Every structure is written in structure tokens, then in C-alpha cells.
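Going by the order they are written in, the chains are A, B, C and D; count residues from 1 in each one.
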């Protein structure tokens, strides 16, 4: 993929996060990767969204070295890089402080799969990371944040559950490209709001039965999917 | 009714669901039936709302066979068809994942009639379906969803309570035509939000007294109605 | 006051309720009174707000007889009339099913005065009416609703607390004119939302101390007021 | 700083509070100080926001005497003046009745630091003042409000936690200039909403670990900051 095209996609995904109401001021960032080139395009740090242009998107290598662009990359860059290194199928990452998903992260509770809206997108609960140690916080904090996300997915499939809550912080989402990562951030916020409403109505609410969870997930994902116009007939 | 007119009505009702904030991305669908012809017009599956045109609305027979239209119908078509078969007076069906009504469905709690806003539209609580069996989920799932809705109305009148919560899933509403079905989806979401607020304020809140419930329902419905300009004088 | 001017004011107040998000579809109504003429101008029943014109506002006498206008008055007219008869200083009445205030009405809990925002407008808790008897509901229901509101104010001053929650129903507000009645409906909804949030954060939250409650109320009301440009210097 | 420039900044900050949805009707006010001149520019009392012009902003000295402007200053002026006298580094103050922050004030609970969004802006919990005594309320109430805020910060740094909840009332925020004060009011409301959601999800939620709290605060503040384009390299 040409870097110019990737930058445009990354810009569009960052703007999508704003337009969907997931971002206040300069919070949040989205990135995309050109796997063949080993290059990542990410929002610059602390720049107002209405000043973003394709040229302002920063391009770095997988070590975080800026290879193109005049601005400093998002301070969360190293978290994104860890995800790209450990989740080989993902092409984009999004990070927001969206209200309800961040509240679950602050409550340090995984989001249970209470219904089919969740099951359509996330296979199983959205996990919450274990806390970082004081040493990890004092060291390369943003890299350690990426590592603790990867630890939360040990033994499970990040492609089937493209979202995580970083304990005491906020969500990260991902997907095959940066547009999908931003899309999943929007879905996650909606699912988080509905889950909060669910426990408000019934504090003893039970997760969805496994059979129904799988039904909805596989109705939209994998070779037996039959949702949408592009699904196998 | 001409199919062209039905398609326009179905398109307008689907757009109404979006404009009222009940729909995220491509979630949700509304359909209408031409009873005389035995034909149903429904939103296509997974198509963005701003790409919908009257021609993109899919027309099927009551067995779900597409008789007009180039796209695949909504994956929830068979649920709509069951409702048309078992509820003989309805002319339209709407399905959304609207936030508060879906939260009640996820909480697997019927929405109690806490006040006159509810009583103006729904006679009695909005019921929640029993769960589907693993066999029903593994089989013709969308048809089984329609069947379980009908079972939830065994012995009660779907025309007096034109809404249901499918357990762990989301609401369906209906009415004399597709516009009424969409209208009832809007009302249901409002009633669901108010009911959630009611139990937040007072977890021991009691349902409305029967006399007041009936008063409000029959003020707007049936031969003694006196609300609005068209009511009997 | 000329009736033409009163109709315009009543129309503007009804539109204000919509623009402030207090009204869904055709719910809600506002009226004003020309005390000298003994005439009340009120929204017609069940007419969409965007079709309202000054001419569509219905004028009745204090017995509810239409003296001018081609449409039927709001079905809640008789409630308004009771308030005009018993609260001699009020010039306007507003009724909505606004979400949070109606939730308090459904929860059958008065809204405690938790803070200065409330104290700036309402002296003491916003009361909730006792329930209507089956006989009152079966009889002249809307008149009985007005009567039960008046009973809720026996011994207290409706001018100092221009709002009430009708149990299991929704709020009514009033004021010196119809614009003030609508303004108080907006404030009441805001206060109701904040009170719900307050009990969510702290279920044991205590009402404001009397001294602070009085301070804020009398900072804006009465002969020692010093808020705003028109206050006594 | 020229007074004309300060008035424009104060006007812009007051408008920002409205555009961010923190202000209903004429609630709320923001001010800025020209330290060298000992002059404060503040919103006039009770004037609708859409009628505000730079000329309508009132200029007073630190005793509250109007030195320029034809209108009466905000009734909360004396609270602002106390903050300017006791917090020597601040250049602006904002006061709103924003919904969630006021609900915490009404609940008389400090906002715990539940996550990094809070830690990015406020070092430690956002404190709630002790209640005012009846004597303070009956005396120079607005001045006493400022004094009780200052008492709440005895032994802690107002520059590191530029926000307070006045018990039973609402928040005040501040910053190096009036724009920063308004910015902090927006952040405070967001943090307050997320904290309320956090305790809704998990009533036993714990505050953020100190190490992570400090990490985020000092990532954006002080000489080791590395967030944004202007941070030390």
C-alpha cells in the first residue's frame, strides 16, 4: 500500500472517532500498518483534530523511529507497535477514552457478553488487563501497556475479540485495517453502554448462553456467515 | 396496495429508525406486508442506510422467496414472516438494537408499566420471550425467534401490546402498517429509558394501578377514545 | 391582553418545550390565561408540533367550552383549568412527559432539594401527588388530576414551588405567564436529572441544609433578590 | 494585558462553556484577571449568553468595585475574587452547574481518581468543600464560598488539582488563564460522568494506583512531560 493512501485512511479513521463522539479534545488516536514495508502511520501527539491533514500523520518504523513527518507521534505509539508485533493479522489499532468503555476499564471489570449485539462483534467477554507493576509504569510505560494487552490475550484469539480494556485506563480496539479498528471502537462503546444499562436494570444479569453467542458470532464471521450482501450464499 | 408504494413506506420507516437514533450502522430493519398479495417488503441485509433506495427494498413471499429485488433480504426476514403469519392484523414490523430496550432484553426482564406514557401505547408490561433451546438456535434460528415471540403472546393480544423483548437480543415492534411499527419502536425506547430511570430512583417502584393503566390505554385506543383530532366526539 | 398575543405566546412556549428536548411526538402541552377575560389558550390535541400555528391554538372559557378555534383542545385541558382556578397568581401551565421528571413521578418519589440549582427555582422538594382513587379515574379524570395537584399544595405556596409530579404520570409546571411555565419545565427536567445522578453516586445523599436552600431561593426571588440586572440594587 | 483583550478572552471562555453543553440558560460564569493591573473581567449577572459582547463583560478591582462596564457583575464575583487572592498562579476561574460534576457536589463526595483521564488533569481526587456554617451563609455568602474553597486546599496545591466541588452546589475550576479554566470545566464534567458510570458498574471500584496516577499526571505536566508537540524533547 502506498504510504499516501495509508495516511488518508488513518486520518479518516481518526476523524471517524471524533464524529462518533468517542473523543474529547485531543484524546485518542488511531494507526494503520503497511505490513510489507514495516511502517506504521499514526496520529501526531496532542494536535487538535480539525488541524489534522494527511501530511500531519506521522510514519514510523516498528521500533518507533520517525521515518516521515514533521510532528511527534502519539505518545501511545509504543502500545500500538506492540500490538502490531504480537497480533500478526491486524492492520489497524484505535485508542479512545470513550465514556462507557473507559468506565468499565476504570471499574476493572470485563464486559460480559449480555446479548447478541456484543456477540455479533466480540467472541466472549471483552477482557480487562491485569494491572501494570510499579516497575512497568516507571519504565517504558507505553510499551508495557502493549505487553499487558498481549498477556491478556494469552490463549485466546485477538481476531475474534478485537478489543481490550486497559485496567484503570481505557479501551484499545483493532481490526484488519484502521477503518475496522475505528468501527470496532464505536461498537465497543455502544456495547459498553448497553452492558452498563443491563446491570443497572438487573444487577444479577447473566451472560448470553454459549449457543446463542456462537450463533450470532458465526452468523457474521467465518465461512458459514450469512449476514450482509458479501456473505457466502 | 401497489408494491411501489409499499417499498417507499418501508424505506421511510427504516430511515425514521435512523433519524430517531435507534440504529447504529446497519443494525435494525423494518418491513411491511401487502396482505392481499401475500408479499412482504423488507430492508436488504447489511446495506448502509444512506445507500437505501425504494428499489433496494427486497420483496419476498411468505415463504421468504425473493420475488423482486436484486439484494439479499435482511437476515431477520424469517422472524418478520412468523409475525405476519401469526398476528393477522399487523401490517408492519420493526426490529432495532436500540439501547435501553435492548438492555431490558439483555437483563431478561419485562418492562413493567410504571406510568401513563407506557399505558398510552402498551396494555400491560412489555413481555420478554423465554430463551431459545440449543436446538432452536442450531436450526432455523430466525424462524425460531419468531415462534418464541408468538409463544410469549399466547393468551394475550399482540394488537394491544405491539412490542416484545427477545431475551438476550433486542426488541421487535409492530403495528397496522410499517410506519406504526417504527413509531412504536421509538415509543418503546423512550418507555424503556424512563423505566430504567424509575428503578434507578426507586428499586422498589410499583407498576401503575390497573384503573389508571386502563384509563390511559382506552383514552387513546378503541371506541371510547377521546385523544387527538380524529377521535370520536 | 389581546387573544392574538396570547396565542402567539402559547405557541412559542409549546415550541420551546420541543426545542429543549422535553417532548416526543405530540406529548405535552402548554397554555396561558387571559385573567381579565376568563379565557385560556391551549395547544390542540394530538397535532404535530410542526403544524402548529397561532390560529390552531384553541381558546376556551374556564368551563372548558371552546370559544375560538376549529380544533379540539388538549385532552389535559381540564387539568390546566383546575390549576388556573386554584392558583390565583399563575398565568401559564406546562405539561410534559420529560424523561427524568417523569421517572421521579413514576417512582412516586418527591424530588429532594439536593442543591442550589434546585433551590434557585423551587422552595422545598418538588412534591408528588397522592394517587387518584378508582372513582376519580373513572369519572372526570383530567379534572381530578388537577384537583389532586391542588391537594398536594394544601398548606404550601404554589408560587414558590411552581412544579409538581403527578404520581405514575408526569410533571406539571406553572408560572406568571406561559413562557415562565415552559422555562420551569426545562429547569425541572435538569434538576430531576441531577437528582437522579445524585442518588446514583450516593444513595444516602442528604437534602441541602435549610439555610443554604433559603439563601439561594431568596437570592433570586422576593424583595431582597440580588441576582440579574433587574434585581433591586 | 490590555483590558480589551482580556474581555474578549473572558467572552470566548463563557461561550465555550455554553457550546460544550455545561450551561443551561444563564447559569455559570467565567472570569479572567490582569494581575499587573489588579483588575478582573467577569460575565455580567443573568444576561443571556447570546446577548454577551466584549463590552458587556464587567471589569472590577479586587474589592469587587466595578471600574468599567454598565452592567452588574455575576453574583458569584466575590467567590472568584477570593480564589484570585489565595491562588497566586491562576489567571482564570470558571463556574458551572454542569450536570455530573454538580451531582457529585450534591452527593457531597469527592471524585476519586478512577483512571488515567482524571490523572491526566487532576492530581488526586477532586475535593468537596466542607459545608458553610449558617453564619457564613447569612453573611457575605459568595465570599464565604471562596473562603471554604481555599480551606479545602489547605496543604495541597491548587495548580495541580485545578477544580473543586462546592458541597450542595456545583464545581469551580481554574487555570493559568480563563481559557484553561473553561477547558478544565469541560474535562471535569467528562471525568465526573465517567466516575459516576464507574461506580454504577462497580460500587466497590478502587482508585487508580499511585504509581499510575503520577505517571499520567507527570506525562503531561512539569519538566519531564512528553505529551503534545510543545513538550520537552
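Rule of thumb we're sticking to: contacts are C-beta pairs under 8 Å (C-beta built on N, C-alpha and C of every residue); 3 or more make two chains touch, one makes a residue touch a chain.
These numbers come from a predicted model, not from an experiment.
Under the contact definition stated at the top, the chains bordering both chain A and chain C are B, D.
Overlaying the C-alpha trace of chain A on that of chain B calls for a turn of 90°, given as a multiple of 5. Under half of the residue numbers found at the chain C and chain D interface occur in both copies, marking it as a different-residue contact. Ranking every chain by how far its Cα centroid lies from the centroid of chain B, the top place goes to D. Between chain A and chain D the centroid-to-centroid distance comes to 33 Å (mean Cα coordinates, whole Å).
In whole angstrom, the spacing between the mean C-alpha positions of chain B and chain D is 47.
Under the contact definition stated at the top, the residues of chain B that touch 2 or more other chains are 199-200.
Every residue of chain B that touches chain C in the complex is listed here, in rising order: 114-117, 183, 186-187, 190, 193-195, 197-202, 205-206, 208-209, 211-212, 215, 219, 226-231, 233. Residues 24-27, 44-47, 71-72, 75, 97, 99-100, 102-109, 131-132, 134, 137-138, 141, 168-170, 196, 199-200 of chain D are the ones touching chain C in the complex.
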